């Protein structure tokens, strides 16, 4: 068997490992094994590639791998769980620039058909956009750049022109590959395009963008795969491409917006949020809340972005255990887009060792909501906003929510009456059965826990 | 664009059509469209293939297509819905022999590597087994052959030897393709193997075999695809192969048996069915049953193989409508392997225009069973046998069943106390809340309907 | 290299087949069986080249028979599946 | 012909990707995102050939940088995903 044959059959095996990895990622019980299987696939693909006869000098490879491993391992070890989105953004950007460079290197191949040139251009274009776009997203999320949308007059026109320029440059690149100008221009234009598409988008919309850029980085790898005629790049790249698109779609649906709206609108915080809300807000002290919880038979905890901000997951878990010891049933209701990443709450609660079978999804909990004595809303706002169910004029009308207001009593733990991500007033706070417990979520919960231990 | 290119890109489109076809087959509302899309994919693949430059004479093709279309359309039009399993078996066999012949023809190709020879041999082997195996299955199901397992001493030994001979012949075929002896021997041996593997299997196990053979015919097409280097054969063949294996698996699981047991055991009707059943059998006349049904608020109908035998689906639907007019809620509980094919009951009831949203699956109905006034078991036996739940010694212990015995009253419509497919006594018939209404299901139901109209 | 590509295609299709078919509900298993059976008639595509090629008489005869058999499988399979599926109806006007 | 095979592979993988990912429950969407991100570092395979080939200095420099970047993506991505997933626990001894 020739080396090429061996390499390619190993790629087949690697593809199977990636597929099984993603399959196992489908259930919490097997997800970790799935990730390991996928990593094994990657290792196999990399190791057999080293057998390629075109590789004659391993020194530079070793250098690159060492640097990359050190940086990657270091970053992965140190990052806080709350900084996960920006970390993913940064890694993703690195994948993008690597694809750009692979495309560039592919230019040195002997025979270049127009088709290959086209795919080289595409890996440069998509890779470049992924790189700079991810960097901007990272900057916004880690607050190294201002989080607000950066808008200016004629922005769409400029971006449209930029896109056209990119395509024109691509055409020239394919027609005149020998003129390096077009190559450099392609790199420059795609980098600018990445920046320009992400700056008008608000920091809070970044997760959608990251997911989209993740999809792009897969597509960039795919294009590079066509350019260097490599199956495994195509298979793995498409898997990633599909994954990113699905997650983007889920987030948009859960926010009740279209992708176009996310990309182009700089999220106009809607002020005309139909009609004043009737009713009064009742505040409660943590001490009074304690008496209610003491008597409760069943409690549902509904966490949101505020829990992440307050880093309250550990004390939530403490409260859960105390309540359980007190003979109360405690479960968690998780909205698919609570927080700022899909599945954000699940990761935080997992960090605090909350077993995942206590975490119920929206559709499983809503029919049972009436049966709960207390719903504790911890730093969640939009995902429990009944306007989504009741007020046809509201911008989030139609978005599926957790019906916290159907529980007998609702405790809302937040610092103020301020609105959440969508910038909307929340009628829940004005309901008869709602009690606001103002203050940082971690502190409030800490006080509740102390009340129990006294 | 060259013709080969055009053909192959059309094959890509055809593959996408097959995939979408199968996707749409996943829901009753879109299934018919799915089938049409898949047919369109087939048409596209066939039509573009005709552009192939290797085809110079269309007369024979036309002849073959005309004959095939006439026979296929005729058969599809005329077959009774109850004869569906044997029809599928026959069609499947034809697919198998076609793959065998395609493999044979591929021998005439100019350059034959060992790998290609191997795939040619595989298409002959799998195609031949599929062909004769399907014919035997068809014969058993249509009662042209005796349905009972044909067993003889040393059968496994003979079959083992036959398999070995096949492999030996394959080796010789690959090593000496110029000697036609091995080709003829391969055709003969695979045909014999197909017969020999299916004759020891009882008529009632035929659906499993048909599904398995269906999978084989896909694999044969796959092998032929490798032999003539054709993508669409590989893609479509694998899709079919996967489908057959999944259905086989579902059937085996629902019967609580392994595939090995089905293939090799000639199903020993188990006589040592642990312990005598306590209780008495209470028979009821259709007239007395009428009074009970007249007063019932909710009825669940549980059909089984006996309904198919009696062709009672239309009168079942009549009874349903009369009961509904009478203010009673009627739903159907469908066991996944009620009848003799997976989904058999669904097809029969669909034929009688029962809307499919009235048909509930086992897992949806079991939790609600206590709430029903009457369960009418129509020619079902094994799928409602509580021994599967209660009697650890029973051969069907552990098989999931519909808990008909949990309903307030159970009517069992069958002709005698005879056992069903698994050859087991049914404790349900001896329960306090069970009433046997003896007689052909169609007649009994007819009498009930008449009672109502009087 | 052809072999490599073909095995990639084989493996991807098998996985895809499993994913797709696993989603089909029990209700539709009989039509699925006959619909998948119709697809297995794809071998017709291979048969066409034999029947229409400039091969020996044997090749042409075999090819023609293969075309006929595969066409029965295809045409019969799709029609019978369609006939079955046409019967599946949702409760609509009835209530 | 290569192009034909590659587009087959592309299309099958995309469909397979959709089927696979759609099954991942919301609970696991964050690890899925970072796990998929790690897979996108597969471009490393392409980078190796540039870094180790006998090309010009530019090629080797670009290749080496690509190797480094892609390795960060791969190693960091898998490790961080593993770290996240290690935290997911089922209720066991607690009750």
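Letters A, B, C and D mark the chains in the order given here, with residues in each chain numbered from 1 onward.
By our rule, a residue touches a chain if its C-beta (ideal position, glycine included) is under 8 Å from a C-beta of that chain, and two chains touch if they have at least 3 such contacts.
Every value quoted in this text rests on a predicted model; they were computed, and no experiment measured them.
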Most distant chain from chain D by Cα centroid: B
Between the pairs B-C and A-C, the one where more C-beta pairs touch: B-C
For chain A paired with chain B, centre-to-centre distance based on mean C-alpha positions, whole Å: 44
Whole-Å gap separating chain B and chain C, where each centre is the average of the chain's CA atoms: 16
Geometric centre distance via CA averages, chain C-chain A, whole Å: 41
Between chain C and chain D, centroid-to-centroid distance (C-alpha), Å: 35
Sequence positions of chain C contacting 2 or more other chains: 1-3, 5-6, 8-9, 12-13, 15-16, 20
Multi-partner residues of chain A (at least 2 other chains): 19, 231, 235
Interchain pairs in contact, sorted by label: A-C, A-D, B-C, B-D, C-D
Chain D contact footprint on chain B (complex, rising order): 4-5, 8-9, 11-12, 15-16, 19, 231, 235
Residues of chain D defined as touching chain C within the complex: 1-2, 5-6, 8-9, 12-13, 15-16, 19-20
Chain D contact footprint on chain A (complex, rising order): 18-19, 21-23, 25-29, 31-32, 34-36, 38-39, 42, 45-46, 49-50, 52, 54-58, 60-61, 63-65, 67-69, 71-73, 75-77, 79, 81, 84, 87-88, 91-92, 94-95, 97-99, 101-102, 104-106, 108, 115, 210-211, 214, 217-218, 220-222, 224-226, 228-244, 246-247, 250, 334, 336, 341-344, 346-347, 350-351, 353, 355-359, 361
Chain B-facing residues of chain D, complex: 1, 3-5, 7-8, 11-12, 15
Residue ranges of chain C touching chain B (in the complex, touch as defined): 2-3, 6, 9-10, 13-14, 16-18, 20-56, 59-60, 62-92, 94
